[in-house]
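To keep things clear, I will list the structure first and then write my remarks on it.
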Amino acid sequence: MNPADHADFGLLSPASAGTAASRLTSDYQFIQAMLDVELEWTRVLADTGRVPADAVPAVEQASRADLYDAAALAERAQGGGNPVIPLLADLRAEAKQHHPGAASAIHKGATSQDILDSALMLMARRALAGIVTDLKTAAAALARQADQHRGTITVARTLTQHSLPSTFGLKAANWLSGIAQAGTRLEQVAGELPLQWGGAAGTMAALTDLAGRPVNPTAAADNAAAAGPTAGTAAPNDGGAANDDGGALALAARLAERLGLADPVAPWQTNRLPVTALAAVLADVLVAAGKVANDVLLLSRPELGELAEPAAEGRGGSSAMPQKQNPVLSVLIRSAALAGPGHLAQIQAAAAGAIDERPDGSWHVEWQALRQLLRLAGGAAARLAELAEGLVVRPEQMRRNLAITGELVVSERIMATVAPMLDGGSPGAGKAKVQNLVNQSLANQGTLAQLLRDAVPVDVLSDEALAELLDPAGYIGQSSELIDRITSHYAEWSHS
Amino acid sequence: MNPADHADFGLLSPASAGTAASRLTSDYQFIQAMLDVELEWTRVLADTGRVPADAVPAVEQASRADLYDAAALAERAQGGGNPVIPLLADLRAEAKQHHPGAASAIHKGATSQDILDSALMLMARRALAGIVTDLKTAAAALARQADQHRGTITVARTLTQHSLPSTFGLKAANWLSGIAQAGTRLEQVAGELPLQWGGAAGTMAALTDLAGRPVNPTAAADNAAAAGPTAGTAAPNDGGAANDDGGALALAARLAERLGLADPVAPWQTNRLPVTALAAVLADVLVAAGKVANDVLLLSRPELGELAEPAAEGRGGSSAMPQKQNPVLSVLIRSAALAGPGHLAQIQAAAAGAIDERPDGSWHVEWQALRQLLRLAGGAAARLAELAEGLVVRPEQMRRNLAITGELVVSERIMATVAPMLDGGSPGAGKAKVQNLVNQSLANQGTLAQLLRDAVPVDVLSDEALAELLDPAGYIGQSSELIDRITSHYAEWSHS
Amino acid sequence: MNPADHADFGLLSPASAGTAASRLTSDYQFIQAMLDVELEWTRVLADTGRVPADAVPAVEQASRADLYDAAALAERAQGGGNPVIPLLADLRAEAKQHHPGAASAIHKGATSQDILDSALMLMARRALAGIVTDLKTAAAALARQADQHRGTITVARTLTQHSLPSTFGLKAANWLSGIAQAGTRLEQVAGELPLQWGGAAGTMAALTDLAGRPVNPTAAADNAAAAGPTAGTAAPNDGGAANDDGGALALAARLAERLGLADPVAPWQTNRLPVTALAAVLADVLVAAGKVANDVLLLSRPELGELAEPAAEGRGGSSAMPQKQNPVLSVLIRSAALAGPGHLAQIQAAAAGAIDERPDGSWHVEWQALRQLLRLAGGAAARLAELAEGLVVRPEQMRRNLAITGELVVSERIMATVAPMLDGGSPGAGKAKVQNLVNQSLANQGTLAQLLRDAVPVDVLSDEALAELLDPAGYIGQSSELIDRITSHYAEWSHS
Amino acid sequence: MNPADHADFGLLSPASAGTAASRLTSDYQFIQAMLDVELEWTRVLADTGRVPADAVPAVEQASRADLYDAAALAERAQGGGNPVIPLLADLRAEAKQHHPGAASAIHKGATSQDILDSALMLMARRALAGIVTDLKTAAAALARQADQHRGTITVARTLTQHSLPSTFGLKAANWLSGIAQAGTRLEQVAGELPLQWGGAAGTMAALTDLAGRPVNPTAAADNAAAAGPTAGTAAPNDGGAANDDGGALALAARLAERLGLADPVAPWQTNRLPVTALAAVLADVLVAAGKVANDVLLLSRPELGELAEPAAEGRGGSSAMPQKQNPVLSVLIRSAALAGPGHLAQIQAAAAGAIDERPDGSWHVEWQALRQLLRLAGGAAARLAELAEGLVVRPEQMRRNLAITGELVVSERIMATVAPMLDGGSPGAGKAKVQNLVNQSLANQGTLAQLLRDAVPVDVLSDEALAELLDPAGYIGQSSELIDRITSHYAEWSHS
């Protein structure tokens, strides 16, 4: 049977299937990330004269994921509990075909957790780049919506009921605020993803032996020259015999730089906060995107009709019900958001279960959970960018819905303004009178406007002042200022 | 690029990779399950004369998963939020090649949720069979261990410290108890997995039209005959015009029977308790297996050495540290157990978020979460069966560890027995005296045996009675009876 | 400072505050449950002649929760990690005041986990009784709604959009189905809550010594007589010297019977499936109740207006916005449902982390999580009963909302019926034509009725048949049959 | 019945009962926090001339939590779904007794969510101060342990098995690294906790009316003077008529400053990332503390004996088993860590479920979950500080355990060093020979030292070099440098 017959292609993961984040986190991409870590390490060792420079091209040739069989690696991974062990065997066999000494130039001083954790971070960084871009696209689009709809009056809803007037612009700005907060933090975390490089027990012991061995300075220089321009930064004696106290750490720092990962204070084999921090902010992306989706799903219901998703060929149709147009982008975003907390809980529980210098099971939980969070956040961000850019806004429907509550939507203001006019000198007494008018209006015993007109003398409240009092558009508070504060606060980020 | 390049082969899921449960829940197996539901429905309709019998062979020919492109289906699934819509299009196109009328004989009166939910249940049932078998294998092996080691004295540990003597047999019996409780319930749930068949809105409306249309009795009989022996059970008028009250429901019942699923009281499109119940018991399997793994991981540490995992070629070795033998089976089981609660929370949260007649995102969360639970439980059960059958038990190490605490391990008994001998007529006064002796022993001021001998007159407690009192093997309570109760309680199940 | 100043009264738990379930799970109720376990055990021992009968009244007098200081016990519980140890000290001191030998008649052969686990089960059983009753009340009310509204046409919604006609009766029946499934299972689990009685290491060792000691048959008979009628069931030699193989187990069985708990196959100190099973079904109650709340929250929005919560003095008002009436019952139910999965995950993770013969931390996690689930389920059930009994249904609003989609709501039926009429002899060709008519209607180029009239010859489809085809009330499938199936399936339970 | 009879005192929460974090998050403390928010707002309004200055003392007198009945408030909170509404009624009634106009000087322009969210942040800030202090205490103690034990050789364990030598100092430093990472971030988040001040719909509408009303400058100045020195910072026209664009926002900024909360970009009523960020870092505290507890629980087992918890009167004893000393601090920390992920999942799920301008249930979930996380983190931090300061380290037991593996513990180094000596000119060939020697040693066919001596000519590897090669203390890599890096990195923080 074809190995692919046992594979997953995302069929049961519509929230992320087909997105860049899914592709960048596939098994083959993860194999590639592991190979990249191994290759860069061989380069570091060659640059500093610790392995022969001519082994590098052989390792390079062997460092292509498509040379390996992911399904077989997955199965063989069970023997040791992780996929590095079988991959390393295959990589060495492959490299040896190109150069007899290549096999022994690979993985020197490293442990499988070094490779796997660093590859996870590398894969994460690659996927995060696109996710951050999508979040910025969404943020910029929401900023435009916020600005454009700062005068679009809509009803604010609390506990599902109409509360006060607001603007659609402020709603969009609040969406932006969430997306940008999560996105800003995600970008920051993406820049801090650390290398893991501690050796079998986190002491860098084998690495220290390796770093401390006498290096032929000529060979190191030669190797550096042979390895090309990037190696030119290598200080001749770095990590060499004259440098035996800092050697191992300096080699690790070089590797971090080559991989574009941060050089951590120390290995973090059983200190999993770099993973929990990444997971938490991915979950926050889902929270922020989920809020948007929840609102769009509600507001695009036929009975509300205030918003509509952008139409696209082949999206949202129903074969059975030809009139139906489903808000599929929001459905998928919401489904991603609903799945987030469970994966975050997995990662937190795994981290909290760490023990010893490499945990007995909790480490293994992180891999799939972190990948799923990357995919879900990536799927949500991609759909959100499309949704934000194409969102159809229907101000007339917003006005129509606002009219359901009518003048009662400013009852808070009426209470605050009119009650003192009716208190007959007894502070607080006016409140009951206003409530009474509201109740009459709710019981269809007249419009609130008329009831108020009848109750308050015109010299206390002119017709004009009454009309102004009852105008929802006049009771939106700091809506416009808040839009400005939010959009300006995140403007630089969303356009960077 | 090869579509498989974007696929997952289980590389980051060592707890389940390569197991039958993983294979039986692959994307292609899920496609097959969806095709099976469609095919059996066409057969039901042909048997009852509602579609032409000669369309059936065409649908059969088209109902092979390998005819379809899982990667493309996954990507197209985003348009409608589920994979049924694109699969149905491809299936119809394929079937039409074999018979012009086959396309219209497919999916009549059904909705995509009917297919997807029923296929999920079908896939679950197929995976569950093997999981239950593995649990029974494990249970039977544990029952043997329990029986064989009913006299193997070991120390019971509470809050990590030595408490009292016990037997390894009782520990094995308690493991069995958990596995069998979860397994029994899993087998029960596996037999109750329901068909979903409600049509677009759960009313069976299209189905009712379909069922209610005049059926040509001759055609129906002919079809039934043509469709072979299984169709012989079809009552000629079943679901027909003369049967318009029960028609749609009777057709659904036929489909349930064909698929080996339960015929539910009603469609359950937004009542997801069948899914949460299955998920909860899968999580319980992980709990029970996790307990075994936690104990084995502890007891096979070098400092304890009471147990060892069965050795196997290529398992547990470390390339870097040639002396190391890792308890990989238990590590993988424990990692599965740690991941369980997060997936269960996803499914519960999704179910709790259901709304309307088909939810706006929470339905989509279940698919991957349920699949992962099936795989994790399947992976854990498979490894557990191997672990239980091959577990190496080292009674001598158990004795050695028990000796660390020495006679103090029966201090509870000493307190209960000796204190009254020392109370000098004042009830309770003896307790402080015994505690004092224990403290002296802890402070290495003599063995507890000697201290007791000195403290209690020989006519009150003979040398023989003292020796008996201090023998751990004499203070194991109902250990043997409990082993019998547990093993006999589950004997029938584990051998069925 | 007053100890209550550090206490919680439910201020931050509005979903459950003030309910019977909260009261029945308070710290004082838990203390009472622990005291009840201790007292009944003393009674068992007295009945069987193992402690003096005259100690019983002293223990009875001391077994009132209000004699103890919960705040101080909570603080002192940290010393040993559980509250049994300090409570036992206080209980013995209290009992001793009434009878000098009472202190030593308490807790004989037991361990703190026996008391705590059994008290948890006892507290759960007491809280569950009311929860089941509330669920039955809700179920019965929903059955009435289902029956009464079997003809109330409403629109079914899938992925937030209008799909097909249905009835409100069917929606109510589906709610009932969820509530009754969860409720039935909850009642079953409530009847199976097991006693925990294993002694310090789960071997019943001290208990075995205790059971095996020569019992003065006269004393036992005397004690039994003195203890009153319930003791009359005690076989004279039960648990006595002549019965030393089954003695300890028989004593435990007596205790279980006295406490109204199930007598388990074996102690379950580190086999926590009784706890996970209870937690899972409580979570299912929240799922089922949450579904109802989600629907009510949507359907009572001003734009939909199909439902309204029952009004009650002091509920749902807003001080600031006098016109507002919030659906508070549903808000609280939904908040309970949202909190459920996290607590279930805690309990599952704790159970999966069990190790040894008493776990090193995971046991302690269960207590608060299980209590919270009892409270949340209890709060949800209580509010649901009130909601279901008083739910205001507005058929006219349902019709109004259905009219938004108009004849298009039966487009599935039109497609199935009319397409064959328009296929011009080429099967399948009619579909595109119908879709075209639908599109024209969506584009406001005529009502679908008129467009269909124009497209289909009257001899193929009469005016009458066309009208019938377009009537939503005629396309509700098995709605009525499903209502009957569901209500009859659960009728007995909900009225028991 | 006494209301306290229905209260919780922490009896089922031993991980946090009796700690400062629990006390600072009690219902009464939360009432106090709500009162503080109301009072400070009244002061802001008085300072700026919007309410009469002489109302302030009346509000001050009424702003003492002990004036209110928490149990009654909890029960009444159900009517509106939150406790602000009943508290506000009682507060106004109380204040009115001191000054007739005080009632109307309270809560002007605010909504209940403003009070509740701001009070939550205030309560969190108060609890966090002590948690951060405890984490610093623990960190400083761990830094001392790390430094003191940089030469204490111990065995590193991976997947439960012995891997390589390490030092206890490095283990302590790694613990410190986790604690300090989480603690640093917690302190940062504690400084960013935002005020919530948006009014009923997040638009600050009522507030804008209030801010925009003509202020009598004289009155404002008078009020400011009357209110004492803190009011001196009020600019005369601030928020006044001349300042109508920034007035409401400036008033909110003043309130934030008074409360010591951050002034956010905008209200965050349905953008809950401030809550999820706080929850995530509290969960990280639990992760870091949990790792320490897991290690201590393992290493203080009798069979390992490398560590012991500090003894304390009344802690860790067992009434039944007088010899037992339980590691209760670690048990409680671990139990807190196990409960963390579930609460974090609740908060994330709640945030992801937000909708509208105030959510219909998800907001209500956060309160209790956040409080529990504060308590668990507080409990864990307090116990950790005590544990870290008093941890008993037993270097001789570490040596004894290391000896179990003997020279094999440096097999990685032997492989790297000796294999090339045995390859007979064929690179890589030596590995199998070394593995063979290791296997012989494992099979007790000689010590590895002797087998190596026999296999490698003395001129290739001198006796002295062989002894050095086999010395575990010589193979600890960068242990000391990593200790320095970690301790110096966090030195400033832990002593600040």
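Annotations for the structure displayed:
Letters A, B, C and D mark the chains in the order given here, with residues in each chain numbered from 1 onward.
By our rule, a residue touches a chain if its C-beta (ideal position, glycine included) is under 8 Å from a C-beta of that chain, and two chains touch if they have at least 3 such contacts.
Source: prediction; values computed, not measured.
Chain pair with the larger contact count among B-C and A-C is B-C, by C-beta pairs in contact.
If you average the CA atoms of subunit C and of subunit D, the two centres end up 33 Å from each other. Each chain gets a centre from the mean of its Cα atoms; for subunit B and subunit C, those two points are 23 Å apart. With centres defined as mean CA coordinates, subunit C is found 36 Å away from subunit A. Along subunit B, residues 81, 157-160, 163-164, 200, 206, 297-298, 318, 320-321, 326-328, 331, 337-338, 341-342, 344-346, 349, 353, 360, 412 each make contact with two or more other chains.
Chain-to-chain contact here is organised exhaustively, every possible pair of chains being in touch. Those residues of subunit B lying in contact with subunit A across their complex are 2-15, 17-18, 22-23, 26-28, 30-31, 66, 70-71, 73-83, 85, 88, 111-112, 200, 206, 293, 297, 314-321, 326-328, 330-335, 337-339, 341-346, 349-350, 353, 360-365, 367-369, 371-372. Remark: subunit B residues 157-164, 297-298, 300-304, 318, 320-328, 331, 341-342, 345, 349, 353, 401, 404-405, 408-409, 411-412, 415, 434-435, 438, 441-442 touch subunit D in the complex. In the complex of the two chains, the subunit A residues touching subunit D come out as 81, 100-101, 103-104, 156-160, 163-166, 170-171, 173-174, 177-178, 181-182, 185, 199-210, 245-246, 248-249, 265-268, 270-273, 276-277, 280, 283-284, 286-288, 290-291, 294-295, 298, 337-338, 340-342, 344-346, 348-349, 351-360, 412-413, 416-417, 427-428, 475-479, 481-482, 485-486, 489.
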